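Below, chain A partners chain B and then partners chain C, in two separate complexes.
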Partner chain A sequence: MDILITGLLLGGTYALIAMGLNLQYGIARIMNLANGEFLVAGGFAAFWFYTAGQVSPLLTIFIVAPLAFALNWLIYVVMLRPLVRRAKSRGQLEVDAILTTFGLSFLSVGVMLALFGGDYFSYSYLARPVQILGDTFALNRLTAAVAAVLICGGLWLWLNRSRAGMSIRAIAVAPDSARLVGIDVPRLSALAFALGGAVTAVGGSLISTFLTLDASTGVLFTLKALVIVIMGGVGDVRGTIVAALMLGLLETFVATVIDPGLTLAAAYLMFVLILLFRPQGLFGRKTA
Partner chain B sequence: MNRRTILGTVAALTLATGLAGTALAQDTLKIGAVGPKTGPLAGGAEVSFWPNVQLWAHDVNAAGGIDVGGTKYMVEIIEYDDQTNPGETIKAVQRLATQDKADFVLAPYSTGLNIASAPIFQRYGYPMITHTAISDQIEDLSNKFPNMYFLLGGATGLAGGVVEVLSDMREAGEIGSTVAMVNVADAFGIELAEAARPRMAEAGFEIVYDNSYPLGTQDLSPVIKGAKAAEPDAFVAFSYPPDTFGLTEQAKIAGLAPKAFYTAVATAFPAYAGRFGAAAEGVLGAGGIHADGDAFKEYAARHMEVTGQAPDFWASAPTYASFQILQMAIEGAGTTDREKVAEYIADNSFDTIIGPIDWDENNANAKYWTVGQWQGGVFKGVASTGRDGAVAAMPKTGWE
Partner chain C sequence: MSARDWQGLSISAVLLALAACLPLLGDDYYLTIGVTIAMYTVLATSWALFSGPTHYISLATAAFFGLGTYCTALGIENGLSYWMTLPIAAVLGALVAGLVGIATLRLSGVYFVIFTLGLSELVRQIVTWAQNVSGQKGLYVLTEITEAHIYWQLLGLGALVYLAGWAIGRSRLGFALRIIGDDEEVARHSGINTARAKVLLFMVSGATASVVGGMLAPRYIYIEPSTAFTPMLSFLVVIMALLGGVGRLWGPIVGVIPFTLLWEAISASFPNQTTLLLGFSFLVIVYLLPRGFVGLLEGLRRRVLQREAYA
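Coming up: the complex of A and B.
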């Protein structure tokens, strides 16, 4: 039971890390390697507001989300839309996007270093024990997991129930045909990309309550997010959630029952197995 | 690449008013500084290394420069970011030697980057006074690289210090004999854990939980829960900065509160007390310093004033001391000839802010701090291999 809950909490953290990238890669078709940097920036905002004015990170996210949304919208329109226009195929767009966002990640690290230095930013928020079914857990991790459920649930409902959401899913499936049925592909792609950036930054704010970050840790989160998105299936919200939870449960199980040293090995073993037997990811569609 | 030139205001004023008669170009010594500003070790380097480079250059120039055979030279620092990548460290040193024509290069930050760049320091004849290299291969290294010096100590000494402190506490009846030991699965953690195991056994301690975890583990609660289930009298973690914070927080949450609680790197950082406040009281950690000594207090005040941040209670002062040694050696040798300066370092002992430094047969400082403890908001040295000023370790009384 303890393993189950700890694993689900960790899975919630992973879902927060990966959901933004899924929107950006799966729907806006931008493989954003600077994703982790936005997560760190969100974490820094939470740190700054908390240490400077004792503002709860749970409130900071309402400042972080619109800011990150606007900034990502701008990045998409200025930097990435020309690539989308120019690209003759999805493959070419992917290569161009990877190169551009790789550069963007260096730029972001540099800007963050200049703004707030390379020191660790770490603070204590909601680091209190809570009892669930007789076992002890950290309140800040529980909070992040609950927020992950709310964010992912909200996204899923929006994508499946609203007109804009369905249009966005149509873009994910067939960007060329979507235009034929009157969907404004450029605008909605920008929306999906900006939304992904906002979700990532909010995730960063929440995660910073229990993880110690510094300006250059972003790449670690990009990698983890990439693994989860690919395991779950590109462009599918359910897949990302399921993959994140599976990864959280697996790592906790291995750490508790076998050896904490093997968590990384177990995670990548699962990744390899999924790629071998379902290369399109758990919920992904086969490409022709 | 990050390149910045620091010339103290005082230095500029002195030159401007014409006190120094000769041309500016000849009045500066170019000193190279290579270290992580980005990458995994940037956080540590921003605490222990870079502020000291800034402080040292400030101090030297404020005092009128380095005296080389009667002529005063201002120092000009040329900084490079090595991205915590050994290949980049080597390239930067090469660039400093060949393009920037640096007179001297400060030793880089961390064990790995020092070992990786030792051959290139050797090739250009730069004396390499390491301040943050902890290794048990000091003998090998100093045989291969006679220009290499070690200030911070070895893994055996650090691990031995932990066992010594635990033994003392057990003798005082404060703890029993069971220890839970975890380590980060990286060179530093593995080396210390391996050095600690036989010493623990020899001292009659029983290791009831012994595990490692990968670098960058995002959830350390299974580790802490496993350690707690073993009900140890002491908890020892050979950890790196992010996991030092993570393990402490989880221990607090899970209620793992043995009388002796030890985490390694970053326990001595001001940020540790900043994050955990009163809960940090009684936590043992790697390093330590004679925190009550006037030399350290005066240094800490200057560090705060010049760099705007406090030094840590372990590597900061030795880092500054290593720069002091280089300065004293240049002045003592009366020349900027690297070979003569290196010779001078080897043949002399130095009086620094961490006290007198003598070299043993392996060009290492044999007297260093091994364990410290947060007591009353200050991280005080509780064990060393021969430094003055150690205070007694006290048992930790919970997390409140």
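Coming up: the complex of A and C.
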């Protein structure tokens, strides 16, 4: 029971991060390997505001989100759009995007190391125990998970109920056909990329309330988000959430029952099983 | 073999013989740099053998390297001779590469990149866990092998890799790989077993990296998971190979030599700025040198030839 709830709480936060990556990869078609660095940057912002001005991380996200949105929009328009134009095939764009975002990832790690040093950072926010179904949990984990669920729900509603959301889903399914029905693909791709970055950074602020981060942990979160996105299916919100919850459960189970050092190994095991048996994602349909 | 092949072969043999004389200079600093350059040359060239024609970016070099290092260290500790451990490392590397390849290479390139990105971390976690369970911390590798021996071994392996690359380039397998790189769909329709070709070549590249790891084990003397599986190694190999250019067999070495020197200089004087350098290198490759130094040189050559034709 303890594992179940801790796992679900962790999975809820993972869902938010993976959702950010899924917007970037599913719609803008950019496999953003610098995703984890934005998460850490969001965490840094929350840490800094909390220690310097006692600003609650739940308020910081309202500063982090627009900043991350603007920054990611700039990155897409300035750096990635030329690559999209120059690419002759999907494969070439993928290779270029991977190399570029690796570059960005290393650059931002370097900048963060220079600004904040290589120390771990953590702060104590809402570190009070709460009782759920007879077991004790930390309030900050619960808050983060609830906030994540709210944001995911909001995104899901926006994607499924609004006109812009429908256009974005159309791009995810068929980018070439979307242009034929008058959807402004370049503009919406930039929007989706920026939105994805903002969501991830907010996820980082939330995660920093209960996990210890340092400048170079970003890549681990990128990996987890990638595994979740592929498991849930590219561009599929529902699949992402289910996959994130599964990963959260599995990691918590492995960490408590076997060894906390093997969480990534567990995530990989899941990844391999998915690749072998359902490479199109949990709910994906087979394409040719 | 044509006259051109013989020419290339004899030039390579002369260069190799010259390179083999380096330890005779008796300068330890040059020898250390020489070992590093030889190591990266072998790794980057074998990386390019697979990634050049197929455009699949492998970040698993560190995983294979560490595997080989551990293989040699464990072998020596359990009474095997050093020379026995290298073939074991090669077989093990090929085996792991084969498994990874079968799981990921049937699918699109992104899955492969992601999987290899985490592979060294995955192996590191497992080795650390196994050590915790068995209560062992690190491993000592005590041998009679000196830096010069390592250097000569790496040169020999390098020569093998070049020969293999040359042979593969002329074989049906190499031809198949070039078609896969140009258009996988076409390759499949003309009856090429694309997955098999990719897995086979990935195994060659994995086995080589594993042997390099084994050869360098005596240099480290003391081995623990965090030194054997440094993810940085994978990225350095990718950068060096792409910087040189993967379209030609001799491309990676053109990138390895200047980048190793630059890397040594930067890590000596600004050790905290190395990640920034890595980041910049990736961006330079994508935006300024998409075909590497080789592409730059060939472009220049073509321009000079054209000007001569007009004159």
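Throughout what follows, the second predicted complex is superposed on the first by the 270 of 288 C-alpha atoms of A that agree within 3 Å, B and C clash if a C-alpha of one lies under 4 Å from a C-alpha of the other, contacts with A are read in each partner's own complex, and residues count from 1 in each chain.
Everything that follows uses one rule, which is that a residue touches a chain if its C-beta (ideal position, glycine included) is under 8 Å from a C-beta of that chain, and two chains touch if they have at least 3 such contacts.
Computed from a predicted model, the values in this text were never measured in an experiment.
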Touching partner for A:259 - first (chain B), second (chain C), both, neither: both
Chain B versus chain C as contact partner of A:129, first or second or both or neither: first
Chain B versus chain C as contact partner of A:31, first or second or both or neither: second
Which superposed partner A:13 touches (first chain B, second chain C, both, neither): first
Touched partner set for A:272, first chain B, second chain C, both or neither: second
Which of chain B and chain C A:212 touches, first, second, both or neither: first
Touched partner set for A:154, first chain B, second chain C, both or neither: neither
Which superposed partner A:120 touches (first chain B, second chain C, both, neither): first
Touching partner for A:96 - first (chain B), second (chain C), both, neither: second
Contacts on chain A seen with chain B and repeated with chain C across the two complexes: 109, 113, 220, 259, 261, 264
Complex interface listing, chain A residues touching chain B: 2-3, 6, 9-10, 13, 109, 113, 117-120, 122-124, 127-129, 136-138, 141, 210-212, 214-217, 220, 224, 248, 251-252, 255-256, 259-261, 263-264
Chain A contact footprint on chain B (complex, rising order): 36-40, 42-43, 45-47, 50, 84, 182, 185, 211-214, 216-219, 221-223, 225-226, 241-242, 245-246, 249-250, 252-255, 266, 269, 271, 274-277, 309
Interfacial residue positions of chain A with respect to chain C in the complex: 31, 33, 83, 91-92, 94-96, 98-100, 102-111, 113-114, 219-220, 223, 226-227, 230, 259, 261-262, 264-265, 268, 271-272, 275-276, 279
Complex contact set, residues of chain C against chain A: 55, 57, 103-104, 106-111, 113-115, 117-118, 121-122, 125-126, 128-129, 132, 231, 235, 242, 272-273, 275-276, 278-283, 285-286, 290
